[in-house]
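Following: one structure in structure tokens, then a few remarks.
To keep things simple, chains are lettered A, B, C and D as they appear, and every chain counts its residues starting from 1.
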């Protein structure tokens, strides 16, 4: 790239101004002209918006982390309800916490108290489990056990995603859980590390012969990627959901055309959660011409902002 | 803390809902009932708001990082203009970049290009300096040199803050620079590592006998802290500005009553930038009863959101 | 804790001295008297040593990340060979890379070149996959496919750990792979997210009816924890292996008595990989009286140092 | 770069083996053939060794962070004593802590206790200041005050580096402090943010007219860089020391030929501490043909290993 080219390509950073007219859409549009993670957040919003508008695009969404305990269940629910997710891949933990809320239990926090105001030994004695600054009473597991013990599982060798769809059906119609809305909108949920969860433990304790077919899920995912004319991917937090989507996208004829990830992990130690989207290009998981953006941010900050932007932006288009 | 007490203290995590009615104020209020950095961001907003409403409180603001190049000059400008900052401590770099914009130069970014699309050797040949994904042409320094060479400095031994006030006076009335608004609003700017900047280099080259009095600034800061009935502090990015404020607050009769920090650094390696606000309690820099919140976030995301919240929240109070 | 108590508890930081007599054992012993991650590394070495010397202790080892590609296959192999691991939990990726090396393939690196000297689009064209600064030619997968296509799997519903034991048996006696040494030393390998791997993909493509029983592994792990008089745990990199060990340890009568983790993730965003070991106390996964240490470090630096220390330290005891 | 070229460039990752013959030199040499931060650490060792062997090279060393409290005073001392540093740039904090140890005070740590076993409010009451998991009693400051109050400063406008040299002269001959060894070996210490320190506060309180000339230091540094045929740089922890060295190297005819940095900060938020060495190439601070390596590690782990390697490696050359 010559000096001449650089002058053509580079453009002014605009100094962002917050006014009484500022809206989430105008804010994000302004941040597009800024730098660092502000720009990356704005690019992610723009790319996701384009992904939604592109009717050929199958939208894969990878959800790791403990987002339901942190108050993000309804945010994920809305991503699904609004049609912003076509295929969900998540962890057993997220499903366990989603189910807990669906069964009427709640996660807790310390109000104006800080995390360090609580002692883990005392929490243990009080049978309260800590997830950073969020707390879950142990009794939640008893509720899940109760629920699980009554399930009538028709086929002990169904795929995990079929089982999760079946679970969704057991929940009341108006449940605002991820399991329910996925079942209602026919969005498949994949959970490759399902046995790594409190829900699976209860299931295994009560159904010693259960052998949900994880390979069936794996092959289904490959087929979904294979059939996708265009693929878009949004990765929240990395982990197994990221890799499971990415390994499938290797079989997508054009790899991912759009890619977003939100993570706090870093790339230098070589773990997949922190790996850049550029790295995914070398594997043929993301197309070299893809539009992509990685936001280094806690998802509890970035995800509500992206949802807010998308809802407002899509509303405008409908009007 | 007994189990009984825990039940009294802990409260429900509310599952956040984005609606067509969502505003920045309602969003932040909802995040107060969430977890992780979302809650911390909400707490920081609430604490800053309270700090503004508390007429006895002197508001110290530490600004490290390269926020002007990333498009945040006007955000900082507005914090000052709105009266949200009483004393600013910053780096020579921030002042240099602020001056560059004030003199009509601009920072650049790559539009839809990603950082990795640019090669640093080629940027060097093109005389373009990179700050992550923001770019500054070398010619900016020539402009600064020009400006500096014409300065008529009345006292080569004035304090750094007096010099920065003098600099502000040289800028046009309508300049939307940090230097100008601080001069207009009589907000002192301290810059303990001033000679660690491009501006100071030019100043030294053109004024071989200059010896701005850094000790005078240091003692002034101690006096400001000493005289503060109440102190509030907002630290952006850590570094020397954080330590300079914190070392002064040790002399504040009540230490800081309110404390906020926004950082991406972590505490375990013992550097001050990543140190927790709890640690500052042991030093008597932050009061043990202080309200405080650390947000682990890129400031380019958190700072505009806090400003937006504060402007809306303060507007409501005025009405 | 009163001031008096503090004086009794706190002890001098010794200023570390490197001499011509320095050995790995003396270095680690000195670092015990230092601060930050140096002290944490030293504590981890000491705790692991004690874990080995404690004959009642069952040693669980969780291995995430891409350690085999980064040259750490033989380090993990030696942990197993020396008897430092009783139960291994790992990712499908680690097994795939281990198998690749066992089949005679190699991971590559750039010598004196830096990561940024390689372009991901060109790597993709050259069919070379990047893992940060390590590279794996695509042809490795063809070798794995070849190997997998010839496997004669006796029971398509065996557990994943039985399958991995079977795999180990297919490898030559002198193979220095993790799969082989585990089979030879009868160390079970659990891999809860097995279908999230290149190996499982090949296995699924060639055995459409395979349904390895993940639930059997899960229940076995719970039983192993249940039967452990004492449990010790070393977590490398977090991920599913960490959670799978930790969820099982909830059923261990005394929770973990010793706990070590090596991670670069941070706790504030609430993900399990970065969660502190204190948090695990609230869940009853780690005993409140446990000896524990978290090292914030790339495992490729910390793990060889720990192995070196343990080998020297154990050798001394034998003599 | 064509596929053919890639095959020529890429080389095998060697699986590291720890044996009874392993020495620090053989370990580092093996890690050179590994990946991730292990390789980066090995490259840093190799580059530093070459820097020492290159007689034309002026070795700049930037030291931020709280390394003396963490037990690294003697490590830095030895870097200077062995001739591995020609110019030291550091923070006021490091000098304050170095002086404290030189005056016979000590930093403290909690032995087998963990950081979280101490409460910051109680530490405050006990007049003990916390630096992550290291503790410094407040009385240290009284000792420093005592020392400072007796200083007879000949020239209140000398440069900061002259003052630090003068300080070193006040310390006993056998003091193993950084200040002393720098004075003895005539290694200049620059400290651009000197007034941001406990030592400077005491100095200012007792010498109201002091005005150490920071600009003189700044111009001296530029001259040192200007005169360097070759420059090598080792940055520990970033901060002002990093920028002060880097801004000077812009005036070095060939920029830095060798560059090493050890940091836990990350680049994406645009702060200088986490900025890559590639970025420094765009500024002309590091030569595009330089040998360079960034280690993402706590310096308390990496620095002793590098010193150990260098001492052994240099000893071999002498024999």
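Methods note: a contact is a pair of C-beta atoms (placed from the backbone, for glycine too) under 8 Å apart; a residue touches a chain by one contact, two chains touch by 3 or more.
Since this is a predicted model, take the numbers as computed values, not measurements.
Peer 1: Any chance you could check whether A-D or B-D wins on number of contacting C-beta pairs?
Peer 2: B-D
Peer 1: Match interface B-C to one of C-D, A-D or A-C, accepting only the pair for which over half of the contact pairs are the same residue numbers.
Peer 2: From the options C-D, A-D or A-C, the copy of B-C is A-D.
Peer 1: What is the distance, in whole Å, between the centres of chain B and chain D, each centre taken as the mean of its C-alpha atoms?
Peer 2: Once rounded, the distance between the two centres reads 26 Å.
Peer 1: Centroid of chain A to centroid of chain B, CA atoms only: how many Å?
Peer 2: A distance of 32 Å separates the two centres.
Peer 1: What whole-Å value do you get for the distance between chain A and chain D if each is reduced to the mean of its CA atoms?
Peer 2: Chain A and chain D have C-alpha centres separated by 41 Å.
Peer 1: Of all residues in chain B, which are in touch with two or more distinct other chains?
Peer 2: 35-37, 69-70, 116, 123, 128, 131-134, 264, 266, 268-270, 278, 296, 298, 300
Peer 1: Going by the contact rule set out above, which residues of chain C touch chain B in the complex?
Peer 2: Residues of chain C touching chain B: 35-37, 40, 116, 266, 268-270, 296.
Peer 1: Please name which positions on chain C make contact with chain D in the complex.
Peer 2: Within the complex, chain C contacts chain D at residues 1-3, 6, 9-18, 20, 22, 24, 27, 30-31, 33-39, 41, 43, 68-75, 78, 101, 106-114, 116, 118-119, 122-123, 125-128, 131-135, 176, 264, 278, 291-292, 296-298, 300-302, 304, 307-308, 311, 315.
Peer 1: Write out the stretch or stretches of chain B touching chain D in their complex.
Peer 2: Touch list, chain B to chain D: 64-66, 69-70, 93, 120-121, 123-124, 128-134, 157, 192-198, 200-201, 203-205, 208, 210-219, 222, 237, 239-240, 243-244, 247, 264-275, 278-279, 281-284, 288, 298-300.
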